[in-house]
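Shared between the two complexes below is subunit A, which pairs with subunit B and subunit C, respectively.
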Partner chain A sequence: MIIWAIAKTTVGDALRRKVLQVFLVVAIGLIVLSLSFSQTLSFSSQRGISADLMLLKSFGLGMMALAGIFISLILGVSLIPQEFERRTIYTILAKPVKRYEFIAGKFLGALLTLAITTGLMGITFIATIVAKTIGAHNIVDVKSVSALQAKADSQIAFFDVNMIWGVALVYLQFMVLSSIVLLFSLIFTTTVNFFMGAAVYVVGFMSTVVTSLGGAEGANSFQRAFFKTIYYVLPRFDQFNIPNQLLHPEAQVTNMASYTGLMALYGLLYTLLALVAAILIFERKEV
Partner chain B sequence: MAEGKRKGLIALLVVIVVAIVAVQLPIVPRYNKIAGSGKNKSEGAPGDLMVQLPGQFMIASFTGFEQVVAGALWIRADDFFHRGEYQAIVPIVRMVTWLDPHNIDVYITGAWHLDYNFVDEANALSDKRYIPVSIALMKEGIKNNPNVWDLYFELGWTHYCKKMNDNAQALEWISKACEHDGVDPNTGQKIRRYDFVDRMKAHMLEKCGRFDEAIAQWEKARAITVKAMEANKRKPGSAEYVDQGSLDLCDRNLSLLLMRLGWRYGNMDYYRRGLEIAETLKSPADWVAATRAARKDYESRVGKQWAGDTAKPLNTAFQVSWLRAAPQVLIISGKLNLIQASEYKGLASESFTHWYATNEASGARREAWRNGCRVYWRLEDYDYQMPTLETVDWKIDRSRTVAWGDIYVGDGKFSTKIDMGDQRDKEMYPFAAGKYKLTVWVTPEDPGMPDYVQDRVGWKGEAITDPNYLDTKAHPGFKMLKKEFILRRSDII
Partner chain C sequence: MNVAEAIVVEGLCKEYRSRLGDRMLAVNNVSFTVNEGEIFGFIGPNGAGKTTTIKTLLGLLFPTSGKAIVLGRPAGDIEAKERISYLPESPYFYEHMTGAEVLDFYCQLFRMDKVARRKKVGELLERVGLGKDGRRALRQYSKGMLQRVGIAQALINDPDLLFFDEPTSGLDPIAHKDIQDLILSLRDQGKTVFLSSHQLSDVEHVCNRVAIINRGELVRLGTMDELLHAGRTIITLACANEQLIEQIKPLTAHFAQDGDLAKFYVEAEDDVHKVLEIARGKASLVSVVPQKQTLEDLFVEIVREGRK
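Up next is the complex of A and B:
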């Protein structure tokens, strides 16, 4: 109950923050605007509406990820420090609230906020795709396109289940990033935390490059050990970002449901790791 | 916090780390599969691609906007194309294939662009130094999309057959195309390969002189069409572009191949089989009439000693010379006895084509020659070997000179002016070497060689004789005419 009460307050606080609202509105606006994207004007029109849809899906997934990362960072860096600044933490901890409950409540609040924002973006994204597909079917009906193209276009399904997996994977990476930023917020100042969080995301995203650097011919043993440590310690954000698999139905190489399931488990464990570490640090922190 | 609880939490941390490793283990192979399918399988060092890709595109790709950037770049490429800024398109093609390695249009269009669009100002000859890049791009596309027929076919047809005149390589790649179905990019579902792919394999086998295999391939192509038509009957629209016309096309081509084997080499069994198939086709009217005339010809020859139309030697009396008309302007001219109208008199193929009879009946407008043969020329650095690129690298060696083209033969003569002196073409014709090789040749293997020329000389040039320039070594089993000149730099510039 205590955790839930803290979470609800956190959600309310977060949703009132203008900076998060701006990111959300801009992202949603851009996703809607992407309806006007068209590649069929170029000389690569053989694939007809499917090329336009791919463009729209790629843009939507990318926009959700970009906006969500900023929202996760801005939200995560201020979750705990804000309570210190307002001195509300003293009041909260003076009540029968355990420190782990406070951390858990704050994080749950952040997760719910991210779920709401990702949900809004996701619903807009999927609605945009459906609208574009319906538009494409209508165009096929009224315009005199080639028989083959018309057949290909009319075979496009209104709903692409891959997009659900895409939105889920986007959300999972926000969850992991928020937990890391929350952990950092107990160690670093807000500004340092923001950049540290962003760095963890970028390096985690580029983990294959990190491996290459660790295995480079000119690398000495220290460098190898350094890059290997980074590779093994930081979460693999690249594994959450698989647009080619999601956007190319012809290049499906694995079952997306089981892959998303495994990634969810991976994300949950990583989040739990960061939270337990945060609790350990917060328990020793002088308040 | 009590020390016991703290130790418990630390133990929990260790357990979570172990669990993360345990979960990561099954993820890695799946992710590698996904990443492998999404990544461009260029064999170049990854660093090369990173260098080639400007910063803003790298950032875009890191944030998950790969397809957006690829699409935007492709539209930009279209702009450049319409503005004639062809050079600018090449790096864009590279970036798009890096960002979206499953977009096969980009490989096809990009490679075609490299092969055909960099032309000189004076002659509209394409820059042949881009061909290895174009082929490397196609092969990279195949590596990234190995399960669809399109790129195999394009590499064989557009690049090896049409551009390189290399029938053997073209056959190899088109045969590979015949091993794969297509994929609908909308649904990811397998779709049947278009029938023309299998038909083209039969044509290529014929061009390579592998006649029995060509016959078998026509039969196979026909069977595929029949199957598709049956599928269409069961479920209308299940097979695209298949109708009675497709079937007739197979029959017409197979019957012509068989009849030509009869006409050219005197094989009466093939002739009979070809006629039997031709007679099943009831339209158009001129086909039916031609078939009837061929039947008469067959009846008149069957059982008699006859070795075919190509058994009679034809002296081509090939003559070729070159001269420097101006600095870097060469004129290649000569004579070629291919083919005088009189050579068609009495040919077995004449029963079907009636060209000689019609020409004779045309009175004053009668033609003395049957034109359409082509002479090929190639000018290159003496030691030039076309490179084989393992990876795509569009930075071609601009110190090399290599050019080729063909010349129409009309009334037994040919002549062309090759202007390589235009200032705007300086990069294309650097003439940096000291010594050059100018080769001029005629081959019945030429993909554009008209059937009526082959009717007289054969697919492999069996009838060709020449006192000076007959070459039987360049392609064993085939006869061609070839003359090689060695030129000094001072001969050209």
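Up next is the complex of A and C:
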């Protein structure tokens, strides 16, 4: 009950933050506008609907990820420090509230906020794709594309269920990133935490580059150990980004549902570890 | 521990360390007890260690050394927190919430069910005079109204022990009086109140015992009668010559000449008699006025002594 009460208050507070609202509105606006971009470029007349949808999916998921990462960072870095700044933490922790309940409540609130924002962006994204698919089926110019392409286009479903898995994976990476910045917020200042969180995301996103650096010719044992540690310690955010799989069905992911389930398990485990570390630090933190 | 003791503090020390390793002793070997049903005043200048002591008793800060027991449990214990409450100086709440919502939130922290919460919130809003303003957002509240919400949240669990940190800071006289009356009503209900305030007249008026802390150290502790001595006596003489004044001066704390009148400020009662004896027949006695020492006098004296 206590965790849920703190979570609800956190959601109410977070959704009223102007900076979050701006990111959300801009992201949703750009996802909707992507419909007109693709029409302007008129890919469908040259390369078929599938190329057009590829552009839309790529843009939409990218926009969601970008906005969501900023929202996760902004939300995560201020989640606990803001309670100190506003002194609301004193009256809460003076009540029979265990410290882990406070951290869990704040984090659950952040997850719910991210779920709402990702949900809104996701619905917009899926609606945009469906609208484009319906529109493209009606206007496709058979003369301008090959017969084979026209046949393939006519077989494209109006609704691709993989889009839901795509949105879910985007949300999972926000969850992991939020747990990391929440942990950092108990150690670093807000500004340092913001950049640290962003750095963790970027390096985690480039995990394949990191592992290549570790195995590169000429790398000494220290460098190998360093890059190997980074590779294993930081979350592999690139694995959550499946636009490639979503855009190119021929890619290695054959079952999006099981892949998403596996990534959810990985994300939950990582989040749990970060959360336990945050609780252990907060238990000893003076307020 | 005696069951009649609500708070026991023994040799409490709290040291802050900066990131650069600098150390600052905020509370230094402080010991006191607060009895159940007592209004205990805790006063000191800014930075004396009052809020640090309160936060340590609430478990928000951890003592560097020493012991802090609250309602028979170590400070910060969840069971003890069920029976205590805290009103910070200028309480801050989530501004997007209404008065009723914020109280409902705090009720949830005591695991109260929805029906109990609704009843409690209504009662509390009425009690603090916000019955008609409960549905307004807190951002529309004045400072006095926010303080009333702070009081309401401090009364949710019908606490046995209340910590009030500067409860009247920045309030208008009406709100100030209401809080003073609330503290007195809590005393009548047998509650224990730990009151930290700069309003020394309030402390003098409502507290059974007072502790004065300065530079982290407890410098005085006792009842008002024990702390405040009888005070000075001002003896005013007319037509006193130089020789007589010089004869009396060593017995006085302070001397002032006002035209033909000579004012002698005498501390000890014995010295009052001696001065009157010396002056008999040599000058006209205008008045003998005893001045009772106030808590403010004592406080100023202690703080000034500490600065020397």
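For this structure, a couple of remarks:
The definition used in the following text is that the second predicted complex is superposed on the first by the 262 of 287 C-alpha atoms of A that agree within 3 Å, B and C clash if a C-alpha of one lies under 4 Å from a C-alpha of the other, contacts with A are read in each partner's own complex, and residues count from 1 in each chain.
Here is the rule we go by: a contact is a pair of C-beta atoms (placed from the backbone, for glycine too) under 8 Å apart; a residue touches a chain by one contact, two chains touch by 3 or more.
Not measured: the values here are computed from a predicted model.
Applying the stated contact rule after C-alpha superposition, one finds that A:16 touches subunit C and leaves subunit B untouched. Subunit A is touched at more residues by one of its partners, and among subunit B and subunit C that partner is B. By the touch criterion defined above, A:279 lies against subunit B but remains apart from subunit C after alignment on the C-alpha atoms of chain A. In the overlay built on the shared chain, the residue A:106 is in contact with neither subunit B nor subunit C. When the two complexes are overlaid on their common chain A, residue A:5 makes contact with subunit C while staying clear of subunit B.
In the superposed model, A:93 makes contact with subunit C only, not with subunit B.
Touched by subunit B in one complex and by subunit C in the other are residues 284 of subunit A. Put simply, subunit A touches subunit C in their complex at residues 1-2, 4-5, 9, 12-13, 16, 86-88, 90-98, 284, 286-287.
Chain contact summary for the complex, subunit C toward subunit A: residues 55, 58-62, 78-79, 81-82, 84-86, 88, 90-94, 96-97, 105-106, 108-111, 150, 153, 163.
Within the complex formed with subunit A, the subunit B residues making contact are 1, 6, 9-10, 12-13, 16-17, 19-20, 23-24, 26-27, 30-31, 33-39, 46, 60, 62-68, 71, 74-75, 77-78, 81, 100-103, 105-106, 109, 148, 183-189, 237, 240-241.
Subunit A makes touch with subunit B in their complex at residues 37, 39, 41-44, 46-47, 50-51, 54-55, 57-59, 61-62, 65-66, 99, 147-148, 151-153, 155-157, 202, 205-206, 208, 212, 236, 238-239, 241-245, 247-254, 259, 262-263, 265-266, 269-270, 272-273, 276-277, 279-280, 283-284.
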